[in-house]
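Here's a structure for you.
Every chain is named by a letter (A, B, C and D) in the order it is written, and numbering of its residues begins at 1.
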Amino acid sequence: MQDIQSGPSRVPLAIDRVGVKNLTHPLIVRDREQGQQHTVATMDMSVDLPAAFKGTHMSRFLEALGDWTGILDYASFKQLLEDLTIRLQAKRAHLHFSFPYFREQSAPVSKSPALMDYQCSLQGRLEGRDMEMILGVDVPVMTVCPCSLAICDHGAHSQRAMVRIEARFSGLLWIEDLIDIGQQAGSSPVHALLKREDEKFVTDAAFDNAAFVEDVVRNAAQNLAKHPQVHGYKVEVESMESIHNHSAYACIETM
Amino acid sequence: MQDIQSGPSRVPLAIDRVGVKNLTHPLIVRDREQGQQHTVATMDMSVDLPAAFKGTHMSRFLEALGDWTGILDYASFKQLLEDLTIRLQAKRAHLHFSFPYFREQSAPVSKSPALMDYQCSLQGRLEGRDMEMILGVDVPVMTVCPCSLAICDHGAHSQRAMVRIEARFSGLLWIEDLIDIGQQAGSSPVHALLKREDEKFVTDAAFDNAAFVEDVVRNAAQNLAKHPQVHGYKVEVESMESIHNHSAYACIETM
Amino acid sequence: MQDIQSGPSRVPLAIDRVGVKNLTHPLIVRDREQGQQHTVATMDMSVDLPAAFKGTHMSRFLEALGDWTGILDYASFKQLLEDLTIRLQAKRAHLHFSFPYFREQSAPVSKSPALMDYQCSLQGRLEGRDMEMILGVDVPVMTVCPCSLAICDHGAHSQRAMVRIEARFSGLLWIEDLIDIGQQAGSSPVHALLKREDEKFVTDAAFDNAAFVEDVVRNAAQNLAKHPQVHGYKVEVESMESIHNHSAYACIETM
Amino acid sequence: MQDIQSGPSRVPLAIDRVGVKNLTHPLIVRDREQGQQHTVATMDMSVDLPAAFKGTHMSRFLEALGDWTGILDYASFKQLLEDLTIRLQAKRAHLHFSFPYFREQSAPVSKSPALMDYQCSLQGRLEGRDMEMILGVDVPVMTVCPCSLAICDHGAHSQRAMVRIEARFSGLLWIEDLIDIGQQAGSSPVHALLKREDEKFVTDAAFDNAAFVEDVVRNAAQNLAKHPQVHGYKVEVESMESIHNHSAYACIETM
């Protein structure tokens, strides 16, 4: 059967990335407390393609994934990237996994446990022996507006805000480290389960710690800059303002 | 050229709705204050198909839309539905338009004007001479939690909540009427533009008017039940809780 | 601490559904081939609320979920619904779980195995001893246009179409049954992994089995009507037409 | 009333971008054929914030927008960016508008006219007197698979693919230029309205011009590189494969 893909390219331009996008696949992720946890990922997989070749061989991405362990850690992620460069005869390979991650969190007073979910991503790029990795976590927090608190007779508007962190790292970086940095940056963490005594605690704590999106983004950036495994970061804060139908937004980026 | 669509159906089942979906098209909408306004709609158009025919003629939906005035009011909407039944030789026709709608709103103290956006929909179903119409509006509001307000030392959590109204109506029902019903149901309306004095006013007013999703859904339902043009409704309230990563939800439906 | 929720309602209207929405949570699902599989669900949980009470107790939904087995089958789903009616002192409870589900599928010629993903949902409603359940599956298929095939010199346009099935059922209804009904309704099933010989097989088979959205919706409806556990259904087909920027759509509903 | 925002920052880090996000607002866009057209935009507006200041003044973004003409062209876009730097006392300002754009397109044989919609974006960044602008257009096309065409007995799989172009430009760059580049890159343009004779034409033409995502991305890149106003580009092609439940993807980037 003809291999059209290996034929010559009519337009001799190198392609930066070619592959498959929006694959849904089960994934097992390393977990600091439990060892590992099951989740479901959306995956993008790609390689470079030299100017001379007409096409890549898309089915090999699926074969590489099928032969992979399915357990995400540093070594296995690198091994999948290497496998792609070999199967596709490529110089560079990229992976982008995006998945929900769960952490048990106790309510602050009642200590009732419940699972919080965090949308995460892991991007990797392998070229020769160099692997670059970027870990991403979206951390929901509560913000209380300092301006509103200063000027209002009683109360102040609060809302849910999302702290979106991406960190270029080397060595071992736990998702939990980025969750902690995100949670400490807002007026208060959010929780899945709060009894009345917990709701009082969280609200009072948040009102003692009012923060603009500008404060949140700076708090997170300061702690990302100090983290020994983090070598570059982007942190975005989007606050779903309770008094508006749009968001307040702030971003600091060193990548 | 062969007309496969008009051929016989292999499986003799009548089809409830067949047509085109997710068309994006400009639309001019009647506006209580300005006369009319320009917006962009996502449109679904369909008709019934008897068991005997293999297929409908999809291009005729586009021809009907192209020949239509593009100005949305009661008469023109009915005329488009009628046109579909004629062009497609159908007993029933359905339309679903969904579009952002803008209303100028003044800030409560500074009176600074700004445009607020509301996601709206209009559904119509024509069968013979009977036309059924359902108008939908998503109204963002602010809610202050009554429980949190009662138990906390200072403050209470607040958040943006969405009041989603669908109303079956006859005669003339203004989008503005449903916006008003939604806004009055929450702790406070939200605004596009608030100066400091407005922010103080809105926050103080909302804290004087704490409301659970249960309160909001009942307030809206009560006013929908009283509206002379409304003959059935569904109202859903989804509150993006600032202390959680999930929503609180309530629904009352009479349709 | 004050229990505001148990206080009287200012507007004495019963609420059809009140609860939590858009919770993300791990889920284990029964699997016909493997016994069970891990996935992640988005969950809505609600109960009715009588006119006399101001509010429900949202944290109890989370407690019920935390105490639940997390393994989805008929008995455990019913048990969670019952638990909600007890904890919330409600007459009715509703659950809506939505989750990706995986099935290993072999390529038609090379027999290469790979995981296909299907977006599924399970809705349940308990009132007294009556439980109503609706299983939903979105089944992607390929469609080849019969009109295009008849009139074109070579080829015909094809595209991905989504067959969205919802089935009210009693007893045991496997997700795999609905996947099979969806796949048989289109011109061809789609696959995650196809080698060249498989791609030839799938394309040739699809071109031997051209189908409009009207054909697909009727094929699926016919088989749903015959299924002994299915007592009502809605089937929608949306075809992402390769010659248009909108979809073709058809729907048959008996629920 | 206290101006908390102008107070000192606790964490002395400069913020790259701070402002408002996800505003929905009407927009009038310059149109090569008609002069101008009405649409609706989603807008992000931001400025930099020096390390010394606690916060920016969010309401001024809305005031700037309210005082703006609302008619998008080179001069007015620059004027809005300049206005933001003045009102917010900033060194840099950013705008990101995203909106559907319509172009009338005639069917190839019947010449029936209909509106095609294209999702577009315009990003601008002003620093001092330097303005950088990036125009983006998503152009849907049809692709016929060259491999499938070579190996199948009859037919070949085809699908809708999206060509996503972003072009850094100077001077005047028409949205229509990027639409043309995108449409010429695929096997065939897609249309809103096709009569039977047009459907035959489009399908036959597409089958005479089979193209992988690799071909499409190279065709578009080649023409972007030649365009006199374009000084850098990113072009991504995502093909919603009709034989798979995932996409094929290719990207060339020079920005």
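The working rule: a contact is a pair of C-beta atoms (placed from the backbone, for glycine too) under 8 Å apart; a residue touches a chain by one contact, two chains touch by 3 or more.
This one's a predicted model, so the numbers in the text were calculated from it and none came from an experiment.
Engineer: On the document's contact criterion, could you list the chains that touch chain A and likewise touch chain B?
Structural biologist: C, D
Engineer: Show me the overlap between the contact partners of chain C and those of chain D.
Structural biologist: Touches both chain C and chain D: A, B.
Engineer: Find the chain most remote from chain A, comparing centres computed as mean CA coordinates.
Structural biologist: Measuring from the centre of chain A, the most distant chain centre belongs to B.
Engineer: Equivalent interface to A-B, which of A-D, C-D or B-D, with over half of contact pairs matching by residue number?
Structural biologist: Going through A-D, C-D or B-D one by one, only C-D repeats the A-B interface.
Engineer: Just give me the whole-number Å value for how far the CA centre of chain B lies from that of chain C.
Structural biologist: Inter-chain centre distance comes to 25 Å.
Engineer: Determine the centre-to-centre distance between chain A and chain C, using the mean Cα coordinates as centres, and give it in whole Å.
Structural biologist: Averaging C-alpha atoms per chain gives centres 28 Å apart.
Engineer: Among the residues of chain C, pick out those that touch two or more other chains and give their numbers.
Structural biologist: 1, 23-24, 117, 147, 151, 192, 194, 196, 200, 245-246
Engineer: In the complex formed with chain A, which residues of chain B make contact?
Structural biologist: 116-117, 140, 142-144, 147-149, 151-160, 188, 190-192, 194, 196, 199-200, 202-204, 206-207, 240-246
Engineer: Across the complex, what residues on chain C touch chain A?
Structural biologist: 1, 3, 23-26, 37-40, 59, 62-63, 66, 100, 102, 112-115, 117, 192-197, 200
Engineer: Going by the contact rule set out above, which residues of chain C touch chain B in the complex?
Structural biologist: Counting only chain C, the residues touching chain B are 1-2, 4-5, 9-11, 13-24, 44, 46, 49, 54-56, 58, 146-147, 150-151, 212-215, 217-219, 221-222, 238, 245-253.
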